Each structure stands twice: as C-alpha cells, then as structure tokens.
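For clarity, chains are labelled A, B, C and D in written order, and residue numbers in each chain start from 1.
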Amino acid sequence: MLGVALLGTSRMAHVYGPKINAHNGLRLEVMFNPRESSSNAVADQYGGRAMTVLDDVLGDPAVDAVIIATPTNTHVDYIVRAAQAGKPIYCEKPLDQSLVRVDECLETLKEHRVPFMLGFNRRFDSDNAALAAAVRNGEIGRLTMLVSTSREPAPPPIEYVRNSGGYFVDATIHDIDLMCWIAGESPVQVIATGSCVHDPRICAEGDYDLPMTTLKMPSGLLVHINNSRSCAYGIDQRIEAFGDDGLLQTVNHCDENVLRWGATATEAKQPLKHFFLERYDMSFYNALGEFYSSVTEDRTPSATALDGRAALQVALACQNSAINGRAI
Amino acid sequence: MLGVALLGTSRMAHVYGPKINAHNGLRLEVMFNPRESSSNAVADQYGGRAMTVLDDVLGDPAVDAVIIATPTNTHVDYIVRAAQAGKPIYCEKPLDQSLVRVDECLETLKEHRVPFMLGFNRRFDSDNAALAAAVRNGEIGRLTMLVSTSREPAPPPIEYVRNSGGYFVDATIHDIDLMCWIAGESPVQVIATGSCVHDPRICAEGDYDLPMTTLKMPSGLLVHINNSRSCAYGIDQRIEAFGDDGLLQTVNHCDENVLRWGATATEAKQPLKHFFLERYDMSFYNALGEFYSSVTEDRTPSATALDGRAALQVALACQNSAINGRAI
Amino acid sequence: MLGVALLGTSRMAHVYGPKINAHNGLRLEVMFNPRESSSNAVADQYGGRAMTVLDDVLGDPAVDAVIIATPTNTHVDYIVRAAQAGKPIYCEKPLDQSLVRVDECLETLKEHRVPFMLGFNRRFDSDNAALAAAVRNGEIGRLTMLVSTSREPAPPPIEYVRNSGGYFVDATIHDIDLMCWIAGESPVQVIATGSCVHDPRICAEGDYDLPMTTLKMPSGLLVHINNSRSCAYGIDQRIEAFGDDGLLQTVNHCDENVLRWGATATEAKQPLKHFFLERYDMSFYNALGEFYSSVTEDRTPSATALDGRAALQVALACQNSAINGRAI
Amino acid sequence: MLGVALLGTSRMAHVYGPKINAHNGLRLEVMFNPRESSSNAVADQYGGRAMTVLDDVLGDPAVDAVIIATPTNTHVDYIVRAAQAGKPIYCEKPLDQSLVRVDECLETLKEHRVPFMLGFNRRFDSDNAALAAAVRNGEIGRLTMLVSTSREPAPPPIEYVRNSGGYFVDATIHDIDLMCWIAGESPVQVIATGSCVHDPRICAEGDYDLPMTTLKMPSGLLVHINNSRSCAYGIDQRIEAFGDDGLLQTVNHCDENVLRWGATATEAKQPLKHFFLERYDMSFYNALGEFYSSVTEDRTPSATALDGRAALQVALACQNSAINGRAI
C-alpha cells in the first residue's frame, strides 16, 4: 500500500479523495491544506489526517507519495518541494501557465529523479484509450487526420476564466495533448482562430469561448480541434481518427441507453452527461491506477511532465496565432 | 418491349401505372376496367388505351402480358382467363382468401403453363433482399431465429377490414412469405394469438389489430412475427435474422438522414416514412423488373403462385390457432 | 451500518462479496459455508468472519441481515431459518423450482414478517429501470406490446443445465419477471415453444436452448420473449416497449464506445459484453442498495417473494405449453 | 414543356441526359458537341437531335433553354453566347477558375437578364436541404459553428487534377458554397492549410490532397471544412451545424440498410456509396426540378451566378492562405 498525501481541498481534491479510497493499493494518509478548517473538513469527509504544514507532510514517513490538486499557480512550487523530499508525485494538469516556470520545474524533476505523473485524465478514458490503441495497432493504416470536438455545457464562473490563462491554455490543452499523444508527434504548424459568442464577460477579457485550431504534424497529418464553452445538449466529446484504411470515432455518453421513438422523433437518445466530472469519472480512477502501478513497478508513467510542457507550448502558440491571425 | 395491360383502377393500379411507364422494357398498352369512366380516367392519367371488355384485352395482339391490380375476389377469375389466353401474368397478392379457389387457380396455371408472378413486393425491397442474400451466403452461419416487426401507422377503413379475410390473411401473410422465403423452409408448427386494442370496429368483426405469431420450421428455426394496425411513429418494418455466427437487422427508413441533438434528446432521427406505399415504393419497381426479365429470359420468377398458396395456408393456420388457442 | 452474513461461496457469492464491501451502509460480517475450507477461503478474500454453522450465524448479534447466494435447492430452507431468527433477507433468484416449496416459504415469511427481497437484479439495471419508468410515466401512452430479446453467449456446463429446472425456470424467468414488472400485470394466457439446436446434451435432457414465449395480459398487452443459450456476438439483451404514442428500446452494451469504418464495414461497434456478470455488474450494486434502503427505511423492497412466485408460476406454465403445444 | 439543348458529351452530360428525360416538364431537344461523332453518340443514347454548331442550337426555336455540361474552360463562353441568344441557362459548376472571367460573365448576364442557375447540386440533396431548412427555421437557435467533412474515395486521374485549378477551387468550393448558403453569410477571415499524402503526382503539381479550411463569418460563426482525395470506406459526406440550442448532423448513405452483428463487430453497416454520382444522384434530379420551376415560374433560382462568384473568391483565398501560411 502506498500512503498518499492529497494536497488541496478544491473541486479536484473532492474528485480524487474518494477514488484514492477506492483503490486497493492506495491509502489516504494525509489531507493537506494550509487552512486548518479546510484540511479538517476534507479529512472528516474522506479520512486521513488533516495537516497544514507542507514540510510536515513531506517529512511524514507514512507518506509515500503526493497527489497535487491545488490551484494551478501553486503546482510548480509544490512539485519542487515534493521532488526535493524525494516523493513520487501525481499532479493535476496544467503544470503552470508559464513555460519559464514549467522549465524550472522540469529542471528540478530531472535533478531529483522522482516518479512524476501529470493528470491528463482524458488519456485514461477507456474510449480514448481504445481509439489510441487501435491507431497504434495500425487498424486504420497510416493516420492522416484527427478531428476533436470538445464542447462544454456552460461557461465557468468569470473568475475562473480570468485565472485560466485563456481558453487554449485552460481547455484546448486537453485536446492538444490527446491529439499529440494519439498521433505520436508534435506540430510543426499551428493555426488558430476564435470567436466569443456565449458570454460577453469572456469577450471583455479578450478571451474566446468558441475557438478552432488546426495543427500540422511533421508527417503531414492534419489535426482539427473545435471547442465551445457552451453546449445545449451536455458535454460533447468526440474524436475522429482518419487513416489510409479507415476511420475511428468515439461517441458521446448518456446516462441511459434507451432509444425513444414517437410522432416527432425516432431513435432519440437521452441528453448527454452534463459535466466533465461525470463524463470522465472513470478516467480518474484509471489515472490513479496508472500512477500506482508506475510507482510500484518503477517505470515511467504514460503522462509525463514533458508531455505537459509540450501541450502548453502548443496551446500558447494557438493563442498567439489566434491573436495575430497567422500560422505559427 | 412488352406491351402490358393493367387490369384495375384501384390504389394499386395507381402504384403500377407510373412504374410501368418508367420501365424501359414495358409499355403501358391497355388500361382495363369494366366501367368506362374508370378506365378512361386512368388511361388519361398514365396513357394506354382504355378498354372495358376483358376478352378484347386478352385478344389484343399488342398485349403481351397482363398485370392484375383488381380487388382480391376477382384475381383467380382474371388469372384463369389470362392463362387460357396464354398471357404472362403478374398478379397482386393475395391470390385469393380461399385455399380451394387458389388450388383451382394453380391447376389452371399448371395446365396452361404461362409465366406467372405473384406481387410479393417486399421480397424486392433492397434491404430485405440484402438480408436474405446474406443469410443464404452463410454470413451468419446456420439460421436459427427470425424476428419480424411489422406495424402500420393506422388502421385502414373498416370496409377494407371487413373484406380483408382477417389480419393474418391480409397483412401477416407478407411477413409469413418473407420469413419462409428467407428461411427456405415452411413451418411444421404455427402458434398465433392476438388482441384488438386500436379500433373497436375491428374487434366487433372478431378480427385482431395486434397479433403475434410463432412459426417453427423443420430445421428447428423459430420465427416470431409481431404486427400492429397502429403505430405512432410511422411504418415500422424491421427484420432480424439470428444465426450461429451472428445477427442481421434491417432498419427503418426516414425521409431525411439528419440527426437532431438538443436539450431533451440527442441523435434523434425524423419520424419514419408513413405508409407502405412510400416505404416500399422502390420494391414495386424492382418487382416489375423481375417480372419483365423472368418473362423475357423465359425463367420462373422469384415469387410464384405456389409461394402464394404456401403463405395463405400458414396465414389460415395462424387464424385458426389464434381463435382456438392451440398450436397447429 | 448493517452487519451482513453472506451465505454461500459460489459464483454469486463472489459477485456479492466485493459489492457488499463497496456499499457504505453494509458491512461484511460473516462468510458462511458449511465446509470450513470454503468459508475460510472467501473470508480471506473479502473479509468477514468465516463460519460453518448456520445457527451460530443467525444467532450472532453482529449479523443484522443475511444475503443468500447458495445453490437454489437450499434457498427455501435458509430463508425459513433466517425468517425464524427474525433477520432481514436478500435471496438470489429463484426462490425454488417447486411452487409447493415456494408457497411454504411464503407462508413462513408471512408469519415472521421479516423484510425480504428477491434478487431480480435486472430490474435494477439502469437502462431497464429507465425504460420501466418511462412506461409508467406515460411516455408512450397505453402499453400494448413488449418484446424481450435475451441471448447468452454460450451454454452453461451440462451439470448446471441438469439442475436448472429447465430453460424457462432457469433463465426465461428473468424476462418473465421484467415483462410483468414493466407491464404491471400478470398473464392470462401463456404460449411457448422451443427448439434445441446448440448443445445436443441439452436436447438429451429434454430441455430447450432456443425457446420463444408469448404472454397475453388482461389488458390485451402482448409480450414476446425470445431466448438463446448461444450468441456469437456476446450477451444480447434488448427490451422493446410499444405503446399508443411510441416505442422505447434498450440497447446493448460494449466495453468501448468506438465506431470503426473501413472498406468492408462502417460504423461498426465492438462485440458486446460477454457475460451477464459483466453486463449486469452495476445492477447488483443497485440491488444491494435497494435492499439496504428498504431495510433501513422499513419499507417493502421493489422485488418481493410474491414476485418470485408469480414469475415461477408463469415459467412453469411456459414449460407446460412448450411440451404440450397449447396455450395455457 | 421546355425544350432543352444539352451542351457537352462528358461524364456530366451522361448524368443530365437521362434525368432530363425523366423530368415531366423537360424535353431533350438537342445534344450538342462540336465533334459530330460525339453528339451523334449521345443523341443515340438519350434522344434529341445531334447538333455540332452552337449558333444553330441557340437559333433553334424548339430550344427553350440550355444546360451546359462542357469542360470548365468553355463555360463562360457558352454562357455569354446563350445569354446573348436570350436562352435560360443551367450551368455546371464552377463558372470558371478565374475571377476576372467570372466577372465578365456576370456582366453579360446582368445585361441580358436571362434566367441563370448554377449547378451547386449539393444544395439540392434532400439531407443537406433539410439541415439548411432546420437551421433557418431556428431549430438550433443562433448558428455558431459548421463542420463539413467531405472525403472522396480516390484521387481523380492526374490530368483532371492538372486542369482542376487546385483542390480548393475544384472541390472545397462545394463545401464553401454549402457552408455559406447554410450560414447565410460570407467569410471575413479565411485560413487554410493542407498536406499532400495520397498521390505523389498531386504533390508534384504543388496541389493538396488533404486540406483543412477555417472560415470566420461576420456574426462570429466559425466554419471548419476537412477534405481528402482518398477515403477507404467510400464517399464520406457529413455536415454538422452547431447552435445555441443544439446540433444537426447529416449522415452517410449506404446502398443497404442492414446491420451486421458478429464475433468481431456489432451493428456494422455496409461500406458507403462509392462515388459522388451515386451519393448525389437524386440531387441532380432536384436541381433540374429547381431550374425548371424557376424558369416556368419566372423567379430567381436558389443557386445563382453570384453564388458561384462568391464561392470561387473564397476558394482562391483558401489557396492563397494555404500557400502563404496566414489568415486572409
């Protein structure tokens, strides 16, 4: 059993808490938040000892690994300290919104050589994983096109948007990572554009809520990503991989598999799952599973800090392209 | 070119008229109805000479074949007379509602050896034909189960029902023919039951508007047929063939192939085509094509009078089973 | 927390063991099997104390409820003893293969008035439950037809078949229960037939591996059930509810939601989940949830012993009908 | 009846010939080709008088309208001459590959005011038309995104590619026209890129066989178009319209509607229709119908020369953007 310290008490901490408890090989040892009332609250809810001083956490012999689910701007700092303490680290994405900070972080990880996994959970969704595996197994021959549709049901609070680093860095980064991971290559050309049609406060921030991205890979593979901060029918998440021998598509998830036929519509499915936490719930279990087994088997996990850097670099290039209206 | 006399001016005559015109090898030569105003009307609409005396039609040298689309109770009489005149015959199903009359008819056809095709149009629907071909090609291995769902949008006028011979003889007979044709065998056991829930006037006639039929074939193959005289979402026509190696399903037809996603339903298709004439429109073209080529190539058409007798016999057994509550 | 004694160490005990552990309100207190090595083995695997004497289990103050997952022929005996001991009971279906024994059991339950739930898990499948709820909510108006397709991937071992009571009692009983539960009524007429095409050893037992069943309800509602002991593409489980205003269909489950398009097939899904334990895995969680809350909320669970008796009675009538070739 | 002169004896002339014959209001009067053997051949095949001198055709009193299905580089010349002769014109797309020539043509049409329809047949596909109508009827509220997938089964002969004007002008122009037509607006920003992965001879021409296009409309609506000159599973043609209230999708067409379930795949459809002539066969009938009724009802047809100019302008901008790597 790996004793785990869960850093953070935010929404993502509530995602990881019960999933750590459900994993046979992980034991929730510590809930950390500098504010005592917060750490106590989550420790009451999920178990583990509430702690408020990070050095105590990292010095605790029962803590075999840390899972970082704190606000993005604290990630690098906590990673560095955990690495110095020699603890295996699982960190929610993104590493940081700044490439400079990310590079400092990579430097530290290189120096201390602790196991590190980045929480690109969508790679661990069973459908995405099956599509990626089929591509790699050559089921559609040479891959020539990827299309990712990724639309969220509703814009987040404007405060969230303000601190998000912009849509490309906050959200498209998921698609970028998935596309590069499936493709097995990184773009040589990035073209992005965007509109802002859903929430005028997002527009006022100079951000987009309806972006479109095109990536061109060294092999000639073209990637299209379309996103929206609003979607009337739930969380629309579909990937299409097109190759010389065929096409692979992931499909959306509903809560029920019942088709309805009536006088105005036939074979109608339910509305989609509403939020990414519901749609990707299982992927977080799978991601923790990957972290656990990569640590215990002493191997590199399948989503690394370098992957995080690569995706951030592309996301920043998208932002740049959208603002300046040219390919990068 | 085969010169064709079309007998009848009913709904089915209006189905065949334009389709005869559209066929490259058929020429609409004569429109026959004993009532002059009727034959004139359809001749005006579709071309051909209006005629009112059958012997004149059958003696006309320009008439190479007859297509019978008259009321069911005249079929045998017209078939007998056309056979005696040596004309190739295409006759709308059913041959007759009485097995005795059908047997007289078969006797005459045997004696005069004219080409004869029965209008089991659903065999000529491209989807049904593809499913049947796949079964015969062994795509699902040994066939062990057939399920036919066949529901019409709304009950016909009660006068139609009164003269229809009952649901099994009027409508289930289509499914019976299709199932036996796909299976390549005829039932050893027939079990049917039924309810009357849609139209009380149908109930008053002692007929069913919601029957269920089970057929057991010599090979052990089981067949289920369910029917309804009413269906809120259009004409529901699906066949399922289950075998040792898999399953084949035909699916319903909509006018448009557009999926609709919204807040209350996703991937919703349109309502179905509404009436059998729309759903099976192409099958009548194909059936005329089969008639034409069987006559010109001097071969037995793929739907014969014997097929009609076999289906009628099973339909009558279904009726008997439903009334008496036992397997036959 | 309810302390639970799990009776039995068979396949179904392995289904319930981990699910009891996963339920927040249930605590696995005792694993019971008369054979010490067996009870020790499962206690080692899932926790709980291994016990071998039923009276000790039923007298244990830490045991608040019993879950019976033993061979069918022991169900009634264990139910009676648990009822006499005043323990709430969850019992795997069926109650017994004999109506006489079932009636004795019902008598005892009536006398001792302990909470009792029968493990008709398929009612607790979220898709089946959603379809049933939609029917009850009037989404398709008056219900007039139910069609249940229920095909298993491969025949069980012949020893299992020999002790199963025959296909109708062993397997169709699930469909019968679901259909009567959805319909909210019990059949007035039962017609069944069957073939034996998959396993000659099943035929040698005089049993069927390809049965078809028709039920007629007092309202006129007709029900069709088709089953097969063999299915090339996995576990095929579909229900269709047809009513005055429309149709509801449940669809099959695959492990992945990836569509494949290639030169020989398009939009191909994966093969289906293979076994009922995979297909209905979640339904067992839900069934335990219903048991827990019915006990703690002191209300009748939604699957009772009377439901079990009703389904058995219909299953036996099906068997009778199939053998004697008549409606019952 | 409108007497029609069909100009050209190419592939498209063979598409229009039989469809003119099938239309109740059109009569194939003249088949024109400067080469006598060619005009004779098609006149033998489809009827009409073979003619080789255009002035004779345009001066023929039996010719009420001309349908131009000649090579693209003759379109403008023939349009101008037919316009001067006062004949209503239906012309295959594109008008020309040069904006200058198109503008000359528009000038002439403006001057002579003859009815003119451009053969953007995909607007007349019933699925595309239904999607466009649903958008206009507000079924998905404000339209914010359009995605067009348009992939052909195999590259055309290299000679065709050489004279095609490049992929954007030859093929993407269809998607551009459809997108602008559905949107009801024209782009303010065009971004395109492309790869050449299927046929090295296309690469050698400096053309693309795998382009991706992004259009931004004045309203903020974003459009993505992806194309491929090769597609293993047939002709892949799908449009997706995303709006504030939902999504509309057109789906692909197979020859048969039979689903196949087996040990390695379930619910598999057939491969798609293979070629645009099969996929869009009906749309040509509908386009001729629109031409006929716009002429006889004296109204502007729903696809005009200005539409052709607009699409060409965008296609040329796409080409420019792809070559220069910047938004235009």
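We adopt the following convention: a residue touches a chain if its C-beta (ideal position, glycine included) is under 8 Å from a C-beta of that chain, and two chains touch if they have at least 3 such contacts.
All of these numbers come straight from a predicted model, not from anything done at the bench.
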item	value
Farthest chain (mean CA position) relative to subunit A	B
Higher-contact pair (C-beta pairs counted), C-D versus B-D	B-D
Approximate Å spacing (C-alpha centroids) for the pair subunit B, subunit C	42
Where subunit C and subunit D are represented by their mean Cα positions, the distance between them in whole Å	58
Length of the line joining the C-alpha centres of subunit B and subunit D, rounded to whole Å	40
Interface hub residues of subunit C, defined as touching at least two other chains	140, 232-233, 236, 245-247, 260-263, 267
Complex contacts: residues of subunit B adjacent to subunit D	22, 126-127, 130-131, 134, 139-140, 245-251, 253, 255-263, 267
Touching residues on subunit C, where the partner in the complex is subunit B	140-142, 144-145, 147, 149, 151, 189, 191, 193-197, 210, 212, 214, 216, 220-222, 224, 226, 228, 230, 232-233, 236, 242-247, 325-327
Subunit B - residues contacting subunit A, complex	232-234, 236, 252, 254, 260-272
